[in-house]
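The structures considered in this document are given below.
In the two complexes that follow, chain A is the common piece, with chain B as its partner first and chain C second.
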Partner chain A sequence: MKRNLPLLIAFVMGILFIIQFFVPHQWSQEMLTWGNKWIVIIGGISLLLGISSLIHFHYVQVKRSVPGWGYSLVMFGAFIIAITAGFLPSIIRWFLPPIAPDADPGKWLGFLPLYPGLEEGSPLFWIFLNGISPFMATMFSLIGFFIASAAFRAFRARSLEATLLLIAAVIIMLGQTPLGAMIWEKIPDIMVWIFNVPNTAAKRAILFGIAMGSIAFSIRIILGIERAYLGGKD
Partner chain B sequence: MRTKIGFLIIALFISISSFPAFAQEVKALVTPENFTAFDTPNDAGKSISLTWLVSKNNDQEGVYYIIYASQGSSGPWTQVDKILSTTAYKSEAPQYFGLKESNNQYHFYEVTGIPGVVESITSTVYFKLAITDGDNTVEFPSVVSAAPEGNFFDTSKTNVLIFVLIFSFLIMFFISLARKNPNLFVRHIPGLDAIEETIGRATEMGRPILYLNGLLDMSSLSTIAATSILGKVAKKVANYDSQIKVPCYDPIVMSVCQEVVREAYLEAGRPDAFKQDNIFFITNDQFAYAAAVDGLIVRHKPAANLYMGYYYAESLLIAETGAATGAMQIAGTDSITQLPFFITTCDYTLMGEELYAASAYLSREPLQLGSLKGQDYSKAFIIIVLVVGAVLSTAGYTFVVNLFKTF
Partner chain C sequence: MKFNVTRWIIFALVAIAIIIPVMIKERITLPESSSSVVKNIYDFIEKLPEKSPIIISVDFDPSSDEELRPMIKALLRHAFRKNLRVIGMTIWDAAAGGTLINIFNEMGKEAKKEDGVDYAIMPFKPGGSSIILLLSQNVYDAYPKDYKNNLNKDLPVFKGIKTLKDMKYAMCVSAGQAVDTWIIYGKEKGKMPLGAGCTAVMATDYYPFLQSKQLVGLMGGLSAAAQYESLIKHKDTATESMKPQTVVHALIIILIIIGNIMYFTGKRKKA
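Moving on to the complex of A and B:
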């Protein structure tokens, strides 16, 4: 039963949503909306699961003094600050007398911004703007340096393929800059040809493979042939 | 004198008639023909389509069609829209009318509501059509009507259905063939053959194995494929008495992974060695996840990193950090944009369909291998169609290309 019920659900829902793709009727649209709503509901509930796992994992890290346990303390600190910043304005507004309808909650009590949630001006928004956003930008910027080091390794012309890659990369890089056209006016045209012909052909070949693979994999799941994602024996 | 006046009048007439504004022949407005209303095909049942033949006045500047609608045959009439006579052709809606050349000879307009009367159409609506050049307006003599109905099959997807059925038939045929003859040949995939080697290497070095499932949730095929491969990898890890760490991006994926790894350890006869804490949730923020995984790689220095599933910009951040620590790395993704990064930084990369094939390949189960065989024959079919289509298109026959168009 533990394995057969999920397999039955996968079969019924798989067939239903294949049919749904070809049926434009209102009933079919409503079924799709219903399915999407369930995905959102399950996703929302699963967040609790994630938070409990996160707390448990870092608690164990600290308790066992695993190397790097200090980072777990940082996580707990950030977690508490973010939760407090998110809920505090609503809690204060709940307990204290209501704000006058025309008063700006951002200047309430003279200093305390009381916008709730992620609204502009709220404490959580401040954390997002001055903490999370710069952190994300930092990580994203690192990609530039990582591309340089990965390219250095990839572009060593040790084989025919690597040499072709190197030549193509040099043409693309030159074609993207004014220097390319200054060296030879045809370089930007060659760059466009590389993009549009060999590059697109290879991409489409991979896409065809992915499409075929998706169909075969889906059939295996719907028919219950592929059941490794449920765990246990195939 | 008379002769001079006569010449002047003729000269004036010639000069006036040669002036462009007067040179154009002003045609009398003709009512558009074949004005029809019908339920819009292939829809949920909330619109009505109108078509009519292109008017003889279409080549004149400033000619418009005016569409009126009413819930009763005798009015009151509400203007639905005023459209320029050189716009709104049937050919602009191939999802309803196909790719026939004659579609250029008809106008098409889809009505979903009557402004100020009803937001969406649910019952019979009456329509009138008029043509205007700004000064004069001529109405089409008769009133047409139609009621919207929901359709049970989208005819514009017929080609998709046929090809899905062909490919499904091929795959199922080879699955049934595999029941009779289990010794099917499937080509070697070096990235999957190397999994055993990476686990052995990690065991010898006494370091853990890092396994990532990508950044999509359980509704994605690539994540399902990644969790399927995880089961096979975890079983080998349990047999080797090594350790596997699975940091997750999604809580549902995490709980599925916990179950998959637990079952794999049970199957290997090592339930005591299973540690649930090794499969944990980090965050569902892209770069925070990348930072946490990078930290894990740097601190724990896994001997082998396996990146399966779908990735975005964080792929290089993670894989390059792994390469810097000297770990053996195997990636498998159907994210075309991230493939070059994985190929550059990993020892082996499963490209696109190889990710989906991995579970079948590792299990060596005949039924699953049969589906791989069917997949290969489907690709052969596509290649033949591509070659034939390219030849015919070059010769000017485009019907093969049109067969594959989706709307």
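Moving on to the complex of A and C:
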């Protein structure tokens, strides 16, 4: 039952929504709306599942003192701060009345920012702007340094294919900046040609492959041949 | 840990190549240009009649903010200048607050536009493709309320809008798979004209969709954002950031040339 019920749901819903795609009747459209609303609800619930999984994983890390368990403590700290910052303003606003009736509802005691959720001025917004944003930008910026180092080592004209790749990369790097047109006015045109012809041909072939693979994989799921999504062993 | 001298010299050179142009950016002038794929988006928005509703999906987190925020800002400046009605949304959780709300409110204030009248911001909802499919069925099923809890049906910005088909233009600016999702579900069901913005490394993925006319135009990376700023004649962060980017690109090309010279001279010595 534990395995057969999800397989049955996948089969029925899969077949139903394949038929739905080709039926323009109002009932069919309403069914699509109904299905999508359910997916949004399940998506919301899966966020809770994600949170519980995250807590469980890091709890085990700390409990077993796995190397690097300190980072799990940092995660718990950040998690508690973010949850508090998200919920506290609303809780305070519900339970404690503003000091003056005409006071800004976003400020408690005249200075504490109590805008809820992710509104500008809320504690969570402050964390996003001054914590998450610079952290993520810094991590991503490091890629620039590694790309430069990797380009120096990897872009070598070892073979005909490697030489072609190298030439294409140099043209695109030049074409992506005004430098290309400053060196030779035709470089941006050559870059566009590379994007439009060899790149598009290769990408299209890849896209066809992905599409065929997706169709085959979907049929395998609907027919119950592919069961990896159920978890555990087959 | 092994200390690699060459690697650290390259890191130092990259740092210098970024810092110096940032410090003397006022003295650097780069020539303006615009590619046809970027200009197509500009031309399309330019031709839209006043008060036409458009939807912009902001789907990136702070790691791609420097590259993609200028695109949204330039698009909003253009849309507000044309007096278009703009709906902002996201299918990317990390873009919900600090990115989507922040950019829309900043640009709204700059253009003296009113939230709910000239633009509206939708809250984040999980579901990705399902949200876009719901939009194509009924906008109010996907988003009954805006991020401030106002009923969307009552907002003037939503006047005459029922489904995605009523949108005169849709634009997805993404650092992930959101553009694909918009092409597959939004364009297929909504049939509205669709444009895309993405990071430079992702741009190559979407050229097939330009040829098949599934995309009106494409903005790939910071250079595209700078081109758009040049088209709307409002130079901002993208134009400024292109200066260090140009120098770093030149440095990488020089490094590639040096690397190849070293490779061939080393090969000759071995022989």
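Keep this in mind: the second predicted complex is superposed on the first by the 206 of 234 C-alpha atoms of A that agree within 3 Å, B and C clash if a C-alpha of one lies under 4 Å from a C-alpha of the other, contacts with A are read in each partner's own complex, and residues count from 1 in each chain.
Convention: a contact is a pair of C-beta atoms (placed from the backbone, for glycine too) under 8 Å apart; a residue touches a chain by one contact, two chains touch by 3 or more.
Remember, predicted model here, so these are calculated numbers, not experimental data.
In the superposition on chain A, A:44 contacts chain C only, with no contact to chain B. In the superposition on chain A, A:53 contacts chain B only, with no contact to chain C.
In the superposed model, A:26 makes contact with chain B only, not with chain C.
Contacts of A:174 after superposition on the shared chain: chain C is touched, whereas chain B is not. Of the two partner chains placed around the shared chain by superposition, chain B is the only one that A:219 touches, whereas chain C remains out of contact. Residue contacts after overlaying the shared chain place A:84 against neither chain B nor chain C. Within the superposed three-chain model, A:124 lies in touch with chain C and out of touch with chain B [touch as defined at top].
Contacts of A:151 after superposition on the shared chain: both chain B and chain C are touched.
Contacts of A:139 after superposition on the shared chain: both chain B and chain C are touched. Common to the chain B-facing and chain C-facing surfaces of chain A are residues 29, 39, 43, 46-47, 132, 135-136, 139-140, 147, 149, 151, 153, 203, 207. Interface residues of chain C, counted against chain A in their complex, comprise 6-7, 10-11, 13-15, 18, 30-33, 35-36, 61-66, 94, 96-98, 101-102, 105, 125-128, 130-131, 133-134, 137-138, 141, 147-148, 200, 203-205, 207-208, 211, 221, 223, 242, 245-246, 248-253, 255-256, 258-260, 263-264.
Those residues of chain B whose C-beta lies close enough to touch chain A in the complex are 42-46, 150-154, 157, 160-161, 164, 167-168, 171-172, 175, 217, 219, 221, 224-225, 227-229, 231-232, 250-252, 254-256, 259-264, 266-267, 277, 280-288, 290-291, 295, 299, 313-314, 316-317, 320, 323-324, 334, 336, 339, 341, 343-345, 351-357, 359-360, 363, 365, 367-368, 371-372, 374-375, 378-379, 382. Contact residues of chain A toward chain B in the complex are 18, 21-29, 39, 42-43, 46-47, 49-50, 53-54, 56-57, 60, 67-68, 71, 132, 135-136, 139-140, 142-143, 146-147, 149-151, 153-154, 203, 206-210, 212-221, 223, 225-226, 228-234. Within the complex, the chain A residues that touch chain C are 29, 32-33, 35-37, 39-40, 43-44, 46-47, 117-120, 124-125, 128-129, 132-137, 139-140, 144-145, 147-149, 151-153, 155-158, 166, 169-170, 173-174, 176-179, 181-182, 188, 192, 195-196, 199-200, 203-204, 207.
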